[in-house]
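The chains carry the letters A, B and C, assigned in the order they are written, with residues numbered from 1 in each.
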Amino acid sequence: MRRLTTLTTLIGAASLLAAPSASGATRDYWVAAVPVTWNIVPNQRDAIMGMEYAPSETVFGTVVYRRYTRNWRRPIANVPAGSGNSNLMPGPLIRARAGDRLRIHFKNLDTAFNRSHSMHFHGVHYKPSSDGAFVPGVSGRDGDVKPNRTWTYRLTAGNDSVGAWPYHDHGPSMHESIEGGMWGMLSILGKRERAPDREYVVVFSPMGSFQAIDGRAFVGNTPVFRSRVGDLVQWDVMAMGSEHHTFHVHGHRWKNAMGVDVDTQTVGPAESFRVRWREDAPGTWLYHCHVETHMEAGMIGTYSVAPRRT
Amino acid sequence: MRRLTTLTTLIGAASLLAAPSASGATRDYWVAAVPVTWNIVPNQRDAIMGMEYAPSETVFGTVVYRRYTRNWRRPIANVPAGSGNSNLMPGPLIRARAGDRLRIHFKNLDTAFNRSHSMHFHGVHYKPSSDGAFVPGVSGRDGDVKPNRTWTYRLTAGNDSVGAWPYHDHGPSMHESIEGGMWGMLSILGKRERAPDREYVVVFSPMGSFQAIDGRAFVGNTPVFRSRVGDLVQWDVMAMGSEHHTFHVHGHRWKNAMGVDVDTQTVGPAESFRVRWREDAPGTWLYHCHVETHMEAGMIGTYSVAPRRT
Amino acid sequence: MRRLTTLTTLIGAASLLAAPSASGATRDYWVAAVPVTWNIVPNQRDAIMGMEYAPSETVFGTVVYRRYTRNWRRPIANVPAGSGNSNLMPGPLIRARAGDRLRIHFKNLDTAFNRSHSMHFHGVHYKPSSDGAFVPGVSGRDGDVKPNRTWTYRLTAGNDSVGAWPYHDHGPSMHESIEGGMWGMLSILGKRERAPDREYVVVFSPMGSFQAIDGRAFVGNTPVFRSRVGDLVQWDVMAMGSEHHTFHVHGHRWKNAMGVDVDTQTVGPAESFRVRWREDAPGTWLYHCHVETHMEAGMIGTYSVAPRRT
């Protein structure tokens, strides 16, 4: 009760007009920007083409978003265990339902590159002070969180926020940060919408000379997603960078947002969509970007469907 | 009355079958191709990255479409004042309602480059003689209007023409002309559709090494669009050139044509769409192409929403 | 009767659960991969720009899919005569109705390059053994059909398979094969859907330094599609390769899958869509990719509509 009152005061009356009725929960996420050493191709090979890569070609230092417990006491997994996703790319999966308020407590721990960072969220309602974009003479501290400083982004999920959406650095060095992996997704369900049994986050982005999924390249490094016949599976798909991609899953079709059956769907930079189906096709399948040069550069992985439990 | 009769004779019976019932207005536009000197970055700077550009890097000679009064007597603004759009790119905003006929009287005043030009319109009904495309051995004068010559393009807006559409040069040197800014938009409302309170034209196109919006690059040069809380705002978005873009506005979401809530939307060469919302988010916001290399090269601007008038 | 029983046994119970009720037909196609010498620009010219090309710039050896009679006895046309399509690119037009089963009998006759090939189909239901993708340690012979070997792909068209879909090589050298023309389309109608009077297959793909439609570049080489006023025409459009395209037809608009009127539509690698309209616009019209550099490199053709028969 006290929390809601405080939040109302902070957000102010104007934005509440646009927000859904105040019956939702308030969800807190604690996130930090942390420097890490990252290997795009941990097994050092492209299994399909039979190519080997040296660590000098695949390892680099970068900054990522990492989820923490309250007050940034202890780092925890960005995406729930068993999801198949790497631990640090994408950043924390921010979950909410329409009507909820989100407080994203962000701390910049980038003492390696010593750069300002921020978080800019798609799909949700917020005031300019939670926009997170750096525009000299216009934006405030939300778009320019200096090392060892913090900022709290206050967001509201409306009924028009249902879906899967990107967030990413929009600070002064956003272009380097985005290529380095400073992005993640929001997954927002409708007020009474059924949660999926399995949820996979797929982020297409270039990394150096590779084309990565969740920061990894080539089968054996990219996430292995797993389900079972009968599961309601959900894919949260987005792209970051400068290229358009086409998301394809073998042996499956889905209804796109228009109710049209497709098995390949374009996603451009910062576009995003949710794909859902009731699983019925046991086997090991490929999922990949169907842009030929992207497949060749690593944008491909496997999806494994177990038979129905008997 | 006399006008309609003449028009009927000129268009001929065949195309009338496809056209809507003859209750609409006939609208005349007078347009010329005129040589101009254009500065892509008038303030000579990229305010976000803190970069300076010399005029030698940003000024070039080109040809644009310009609106005139009847019989090309006097040039007038391409887009109504207060719209935020530059005066010469895009070309004249051609407005109509479903059921209307349009006569676009075009004169080629390109005495600088001395090239043939034309106008090719998307979204509307017309006979081949109003197509405006240059195909040797097939097309006529409509696709090859030589300097100091004129051509009248006769178009009909059907019920299937409602929306925002491109037009552009389709003459023998169309590729240079399009990179130089020879394009504009048609904005066609349904027969009884409400007109927006504010209408913004956003054309994404490359210009030399820059990525421009309406022929300008970087915040401070690109159009500053303005509205007020409560306004019905409409964005007419298209792309020209060879690249795909993703249109994004901060702090807002809209229903795309399928009724799906998005805040980022792909637009490829000559694709176009209309975005509408009732404004409810006061503040200064960024709008931009979300392709990273395009943002870096100038494809970004600001949108300013004033509080509700009290 | 005997055929259906055999097929049921082979497909197995699991996939039948997902498949439509067993009232459909079983359709057999006999296809081989065959080496050919191909000329992208048979008339050696770009008629619009007035450029000439030498055969040394336009002729190359490649491998294509070719349709045969039963047991690969005799080659036949890939696409029915009079369609305007080239004979060998695209590969055989695979037609079915929702509920049908398809058996695609594939033989690799590529004795020129001596490479393994396969067929991977979009939009239809199949078991992993009919997927056709090469993944070392995972896939079987379906993804790696060696020269002079055969494989039968067993597919089912569901209600969610209605539309136009790609198929293509997904073997070990798929990237070279796809650039060389190893692709075609499936066209699947609803159970009681009306077949079109004219059906055109449009595949956008790069070929060397050209941008081709169905393996040909420039007006005069690309397919000339023909119809008559009153015809129900259908365009099956897809892209192969690494680039996004925008399909545009002059003088026409169509409802896209969302019921929105468009005349230009993005198609990325392995995306596909069907466009239908009742023809009402006599004349010779251009159809093309609206990406400027693609138009310049050959991705343009003509569509000729005869007046209504009197």
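Methods note: a residue touches a chain if its C-beta (ideal position, glycine included) is under 8 Å from a C-beta of that chain, and two chains touch if they have at least 3 such contacts.
Because the structure is predicted, anything quoted here is derived from the model rather than measured.
Peer 1: In terms of residue numbering, is the interface formed by chain B and chain C classified as same (over half shared) or different (under half shared)?
Peer 2: The interface is built from different residue numbers on each side, given that under half of them are used by both copies.
Peer 1: By how many degrees does chain A turn when fitted onto chain C using C-alpha atoms, rounded in steps of 5?
Peer 2: An angle of 120 degrees brings one copy onto the other.
Peer 1: Where the CA atoms of chain B average out and where those of chain C average out, how many Å apart are those spots?
Peer 2: The separation of the two C-alpha centroids amounts to 35 Å.
Peer 1: Going by the contact rule already set, what residues in chain A reach two or more other chains?
Peer 2: 244, 258, 266
Peer 1: Going by the contact rule set out above, which residues of chain A touch chain B in the complex?
Peer 2: Going by the criterion above, the answer is residues 14-15, 17-18, 120, 122-123, 125-128, 131, 133-138, 158, 160-163, 165-166, 172, 174-175, 178-179, 240-244, 257-258, 266, 268-272.
Peer 1: What residues of chain C sit close enough to touch chain B in their complex?
Peer 2: Where chain C meets chain B, its residues are 47-48, 50, 219, 229, 244-246, 248, 250-251, 253, 255-256, 258, 260-266, 280-286, 290-296, 302, 307.
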